[in-house]
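Each of the next two complexes has chain A plus one other chain: chain B in the first, chain C in the second.
On to the complex of A and B.
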């Protein structure tokens, strides 16, 4: 079983649920930026949710299937074309040997997921098939897809016509609120700086990839202090510390960056808050221009939101079986 | 005579020149071919070329250089001879 890549799309890579457990030695978790959509792409074609899928940013690839397969496309709102004819989203469909899958112009969201019965079967690296492009390992030969690549596909048995009820299909709005737990360095902001962070919307810039999402719009004011030994001279600098995935750093106080699943593991910028895990998919589906508010929640509220997220994912998997 | 709207498939920052010190890819009035590059979109530290997509004459650019554009936005209009 194999799939030929005729056109790679943009930053198309093999992803799964990631490789947790190595961030302490600088290897980030990687994995799909929208884990729910990736899990759905697998569940709809009868795969375990841990199977490999393709993730593209903004522009989908053009693929030719060498063998028959069951396929599902989830994530961003984009026309799905099978041999030029519109195919469904969030619903499994049959692909015959020689068929070509391509995509139209993105309408909402940012990342497209393609699940194939049997899963994209690239080798496991540290327990995951996910590409970590900065490290040049995982995925297909440690890099994003290129035209001419031939992707291995595992053996699988999917059913055609499996789809999710509307309530389990997310929408991808251009204005959204992202929940954050403040800290560890929010005390370094003045009251006015904190107000700028949480009371006004931020606009996602085009500088948004698997490593981080950069926003603009406001300026944060920092409290005066004598910078400690080891910290840089800018008030947004700290003595180096570990960066949680989802943490928000604000170099120079002007452009908050949310670190995502390919993030560097540490450095010298003050983190004013961390996006809760339940909202990281929403960040991953943000396209440039998305107006985003950071809404503070408590750790208990974050854990409750995670429980809700997990229950919804279980409902989604149950709806496909 | 027909018109062809040149759309960007990806979001990002639009540029009409390959580099700041080089000439524009095309200007209104120029004759272009379908596979000719008329602009660049920068996103995720990558530059993607925007092709004219049709043979004809450039009527106008609909967005300025360094403007932030979204998928499907029309960046230029081409008058086709077909």
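On to the complex of A and C.
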């Protein structure tokens, strides 16, 4: 069972739920930037949610199926075309040997997920099929997809016509409130700096990839101090430290960066807070230009939001079985 | 100062041991990490000691954050109680072709981003440290061991902290603006840290040389990578040895043939012993490495 890549789309890679356990040697968790959509793409085609899927940014690939399969497309709002005819989103459908799957122009969201019955069956590296591009391992031969690649697919049995109820299909708004637990090095900001961080919206720049999402709009002010030994000379510098996945760093006090699942694991920029786990998917689905507010929440609120996310994920899986 | 505990939302706990870099803070981070690792707690997925801080990543579906905090605070308290003063680690030798043509060529391409458009990174580093020549700087860099105070940024990249009293540490500012290219296995330096670039890519550290010895090998082809694709672990101690171009080529050929082995030996690093007399302690470490 195999799929030919006719056109790769943009930054298309194999992803799963990621690779915990190696952050201490600089390897990020990786995994789908929108874990809910990736899990749904698998669940809809009868796979375990841990199976490999394809993730594309903004532009979907063009694929030819060498064998019959059941497929589901989730994530960003984009026309799905099977042999040029519109196919559904968030619903499993049949492809036959020789069929071609392609995509139209993206309308909302940023990342497209393609689930195939049996799962994309590239080898596990350190326990995961996810590509980690900076380290050149995982995924398909340690790199994003290229035209001419042939992707292995596992054995699976999906049902056609499995769909999610509307209430379990997310929408991808152009204005977002992202919940953040403040802390880490936020004591380095002046009161005014903190207020610029949380009281005004930020605009997502075109620098938004699996490593991080960079925003623009305001300038943050840092408290004056004599820089400690080992930290750099800029007031936004710290003695190099580990970066939480989802943490927000502000190099030079301008252009905050949210590190995502291919995060650099550490460095010398002060972090002022961390996006809660339940909101990482919506960050992963935000397209450049998205106006984003950082809304402070407590750890307890973050845990409540996580419980809500998990419940919704269970509902999604129940709806597909 | 007391350590500062802070949540990185619902999946991370960050302990800032000190704001400045010191061997003492780093040792504490590594000792706490090793204590936590030995407990094999379900739900704690990553324990990452950094230069002067500790990052713990956990799955709150498996272990409540309050429980993680309790365990980390207990590990810190055990350390304060003085029960753990030493760290089991290893020392090894890394040959470096300083002032090599690869990093010099790359440096020449990015002169417009450097403090000294007319000079080289090594000349700048020598002058910043009031050393009379590039040779004297290389001697200072290769003359004493360094400890891997943190591994990360990208896969397998070590941050190395020089094991000498602070007044003798080499310090060099980073490039004014980062380069878009750095050769793989470049020995770079920014602030008080030397780093070895495990992959080719962007970088802002001053470039001093290149090693023929691989430190990150995702395909795990060579014997030194049989168990892991990463050579460096936090707490490793490394001694650089200056080599010339001919030896670089020879080692490279041995690496390609699979016959090169990194010279290394297990050691116990005792911070309080080190602090009594760093030079004498380093001499003893090198005796372990060179076996005399």
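Heads up, the rule we're going with is that the second predicted complex is superposed on the first by the 321 of 321 C-alpha atoms of A that agree within 3 Å, B and C clash if a C-alpha of one lies under 4 Å from a C-alpha of the other, contacts with A are read in each partner's own complex, and residues count from 1 in each chain.
Here, contacts are C-beta pairs under 8 Å (C-beta built on N, C-alpha and C of every residue); 3 or more make two chains touch, one makes a residue touch a chain.
Note that this is a predicted model, so its numbers are computed, not measured.
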item: Touched partner set for A:302, first chain B, second chain C, both or neither; value: second
item: Winner by number of chain A residues touched, once chain B and chain C are compared; value: C
item: Touched partner set for A:208, first chain B, second chain C, both or neither; value: first
item: Which superposed partner A:11 touches (first chain B, second chain C, both, neither); value: first
item: Contacts of A:107 with chain B and chain C, given as first, second, both or neither; value: first
item: Touched partner set for A:291, first chain B, second chain C, both or neither; value: neither
item: First (chain B), second (chain C), both or neither touched by A:169; value: neither
item: First (chain B), second (chain C), both or neither touched by A:229; value: second
item: Partner chain(s) touched by A:22 [first = chain B, second = chain C, both, neither]; value: second
item: Residue numbers on chain A that touch chain B, as the complex places them; value: 10-11, 57-59, 105-107, 205-209, 287-289
item: Footprint of chain A on chain C - complex, ascending; value: 6-12, 14, 16, 18-22, 33, 45-55, 57, 59-61, 65, 150-157, 159, 166, 173-174, 190-193, 198-199, 201, 216, 218, 229-230, 232-234
item: Residues of chain A that touch chain C when the two form their complex; value: 20-27, 125-126, 132, 134-137, 142, 180-181, 183-185, 228-233, 238-247, 264-268, 271, 273-277, 299, 302-303, 306, 310
item: Of chain B, residues touching chain A in the complex; value: 7, 9-13, 42-46, 48, 68, 70-72
